[in-house]
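Next up, some structures in structure tokens.
Note that subunit A is present in both complexes that follow, paired respectively with subunit B and with subunit C.
Right, the complex of A and B next:
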């Protein structure tokens, strides 16, 4: 059967993304949990939820590891078995996957997955250093590479190999900023122009400030159940029908290619096969646009277009809100914000809203199948999930 | 059925524990993986292993998060989907549990679990600070609490409530040091006496230097399979028959008790029920003796004796190598060493050796059922597993 339900999403919650001064990660996570519980009045959280899996990238931001028990407590779930998973910026994408496995194992009927990161109280220098820990210490960090630099290498290679232009990359930023104006939870809610992107400060050539995603505070969560019991909790479940996890060498120096991410290709292959679907079946997608070039490469690696045609794909308007395959209707990491540990489940949240008709001003009509692609680091990890309206 | 196999352990590997100067965590992990692969010649690692789950506590030791892809690569498993889980010192205990779930999910037939930590290149001050991140930042770390201090509070409460003595705690250290003399992979392989423990430097009263486990480098891993295919890989599988995960409030200030760890009680209850067994069925156990008092409290929380009788339990010699219920035949965290992320799977490794008759000088005769208890932080997390000889 195409799209056999593996698990159901019966609720989801998202904190406001942005600069959340005066709040700690646990408080922001509680905000996301509260929304998920309020959306699902039939759920008795402490009684029903059998496990909590939380994605978080870095202990350094709040000087806190072993944080899953804290999130369990602050979500009102004291004594619910809780675990942190970490895969850099794909941490909560991994939480979805292992939440799914927990459901499939038969050990728990209801699992909460989520993620958070509190970043903005740190200086840009500190945040850049902490984020850099997701790259290889001996051969990247140690030599001064940071993430804008690593993705700039990919952008340069893509421009060289395929003729992709800075204007095409800028169009990704413009699109995602536009979408974010329709998302009240987005970090930045303002339009930008191609000229603004092109004239913004160079961070790591050819990437400029507006090619880069945001350093944000935020949290996300979702309630997964066995498909059989989903209707107990909601009339409009969304099913997870495919899951893929790709892993590649951590260092760019060891990769087969600079213009394609093998981890994305592997994850997409696994997820499409599990769902029995192909790229042309996808109606809507949330893609990991940590940098504009990453979204362009993902169009290609997810099979939405051919290798090298990602620039043209955005130029043709295919992934815009009223295009054939809207991508990052939430505003993406670029404008909704990128509290790294929260991002994977935040992508799921957007697809959940879209597939259940709750996306308000940015609602895409007639969407039944959604996809999320969550990248870790410079692409050593990729998690892809495919969803179907219930 | 009592002790129904949930997953099979078909191989395991452990690096030498100790001060591994000049090696990085990835190299030590490769050492453990090599042993596991060599023990299992029928395994084609890269072809057969569907997922790798690695426990590691702190990105700070090696300035490296997103480390699962690195471990995958260095174990010779490039492109095998790899994830890090973190639950402080229970990180690789959690890896076992989620490895088990992955097998039960039906997604993978063979899963590798493991853990590592590289600690000794850091100063004691640094290591103490990094480890402290597993306690509560705002109300414990911020006020100067470190782990010896937190466990000293438990020891003081236990002495006050039950009359437990410093001599009884010392006996735990003496026992575990003796066992470690029989374990060539142990960090410290020398006998100590009660007098040496009692006269050692006070770290946090009543805990002295020899009440504390070691800061070590080390790595561990194990190969789990579906029970049905275990005999393809080994004639002597060990089955996981019970798994429990307990979570409690992170701060001691929020706990019901200072003399009992609710997380251990919850984890033990779940594991015993899953296995259909009770404490009297356990033949051998590896217990999380991060401090001597922790082993005494665990005797009680695991149901090996009544509350308050842990001191008498060791005084009576029950958990010694030739006692009725040998505990920490490996030498435990106290003398084998405690590379925190490696510890959970290192406990499994010892049980695997014992139940397959490969524990050489420290072999316990006639043991069929083993148990591991892996604690995170001051007890906000506890993972218990129960194993049966195949």
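Right, the complex of A and C next:
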């Protein structure tokens, strides 16, 4: 049945994002869990939560595999079944989807989903190398590709095919930095200008430092329940009504298009159909702006505008905080920060706050339907979810 | 089937070491693909042959990488792009011998080889692009 609640979100938590010196991933995850539990006094975490599904990209950062039982323990859930999922930067978007499946299976009534990454203690070289592991090794990494390099290839192609400009990309960064000034948990809370973006140092032409998201430490989590029992835990649940998961070839060079991500299109199609909604029904969205060009391409792939019109979409101000369809009110990966494994559930957290009227200085009025789009790597995975105010 | 003719990435790079750019061709549907794999990704046939690909192609998109992984840092900034060969196969790689300001979508490039293998795993050589 279209638009039927698949699960309810009854609580969510987010750590402060940023450079969290002296902390390890598990301690940051515990910080997010604490908020989710405090927001939900009727929840008895250890008794009620049937499983924890936690997203994390890379064991290289902390030299630690076998992460799920650790997160379960540090969250105060020792002995609760826990599993890590990995889908590069879409790891915790995937955790949401498999959290939903766990509830829909009927085995668990309450599931905790989350994600984390501890990154900033590593050098730029190390972080660049670990992140690049999410691209194809034999042809891309071996022959000199980097992550910014792959998105730069898409940017060059988009500029060549549609006339998209570096100024339009810069506007995405300016917007997201502005939104982050209103989010006390954001990694970076300062306004930037188009000129600052354009004159920042080149990372991979045409992408400059301020076109790139941040290397951050952070964690996120949410409590999902069967829809029928949501009101036992909160008067203001948010329902997940659509879920989509697209995959594509690992190598950018192998894909049909260099200016559109098929994984996003497939995930969006599945999620819209399940929700019985279309792009024009979306009131607010958190989308995966790992690089400014990625947000522009996502406007198009999610159907917010036509192919090639993403640059104009931002130029016209549609996705700004007071625009018709605010995108990345949290500040996005660009300015809120991008602890990769935490990002998918951090997007859900922002939609949860917005749809329950708790987004304070960045609250969007009259929003009922939200969407999140979480991309893995250069686009071999995409997870889309659609949410409705309860 | 002998080990040397298996449709593996290892074998792809063995050919690169012999200065040959080879792809897998499906004898059933005609699809040519790189990297090779044990089944045709289009029709799932296992009836495959190796074919030598033409070295010429055109640049589909490019970037200039300034922040590089450690093992490429001594080359940075370097040009990197995706080239579509005449057979329709696409390859990513470093572009040498072109001034960065002269890079253009659509420009003709050809594949060349650096047959030195890495001292540690995976002990593969590399290919790169240059002007014809």
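Here is the rule we go by: the second predicted complex is superposed on the first by the 388 of 390 C-alpha atoms of A that agree within 3 Å, B and C clash if a C-alpha of one lies under 4 Å from a C-alpha of the other, contacts with A are read in each partner's own complex, and residues count from 1 in each chain.
Convention: contacts are C-beta pairs under 8 Å (C-beta built on N, C-alpha and C of every residue); 3 or more make two chains touch, one makes a residue touch a chain.
Computed from a predicted model, the values in this text were never measured in an experiment.
With both structures placed on the common chain, the touch criterion links A:138 to subunit B and to subunit C. In the superposed model, more residues of subunit A are touched by B than by the other of subunit B and subunit C. In the superposition on chain A, contact is made by A:152 with subunit C only, not with subunit B.
Shared interface residues of subunit A, touching subunit B in one complex and subunit C in the other, are 138, 141, 254. Put simply, subunit B touches subunit A in their complex at residues 24, 51, 57-60, 62-66, 68-70, 72-73, 78-88, 94, 98, 100-102, 104-107, 133-138, 141, 243, 245-250, 254, 262, 266, 376-377, 380-381.
The residues of subunit C lying in touch with subunit A in their complex are 9, 12-13, 34-35, 60-70, 72-73, 75, 77-78, 80-82, 90-94, 100, 105, 122, 124, 126-128.
Every residue of subunit A that touches subunit C in the complex is listed here, in rising order: 124-125, 128-129, 132, 138-146, 148-149, 152-157, 160, 201-207, 251-254, 258.
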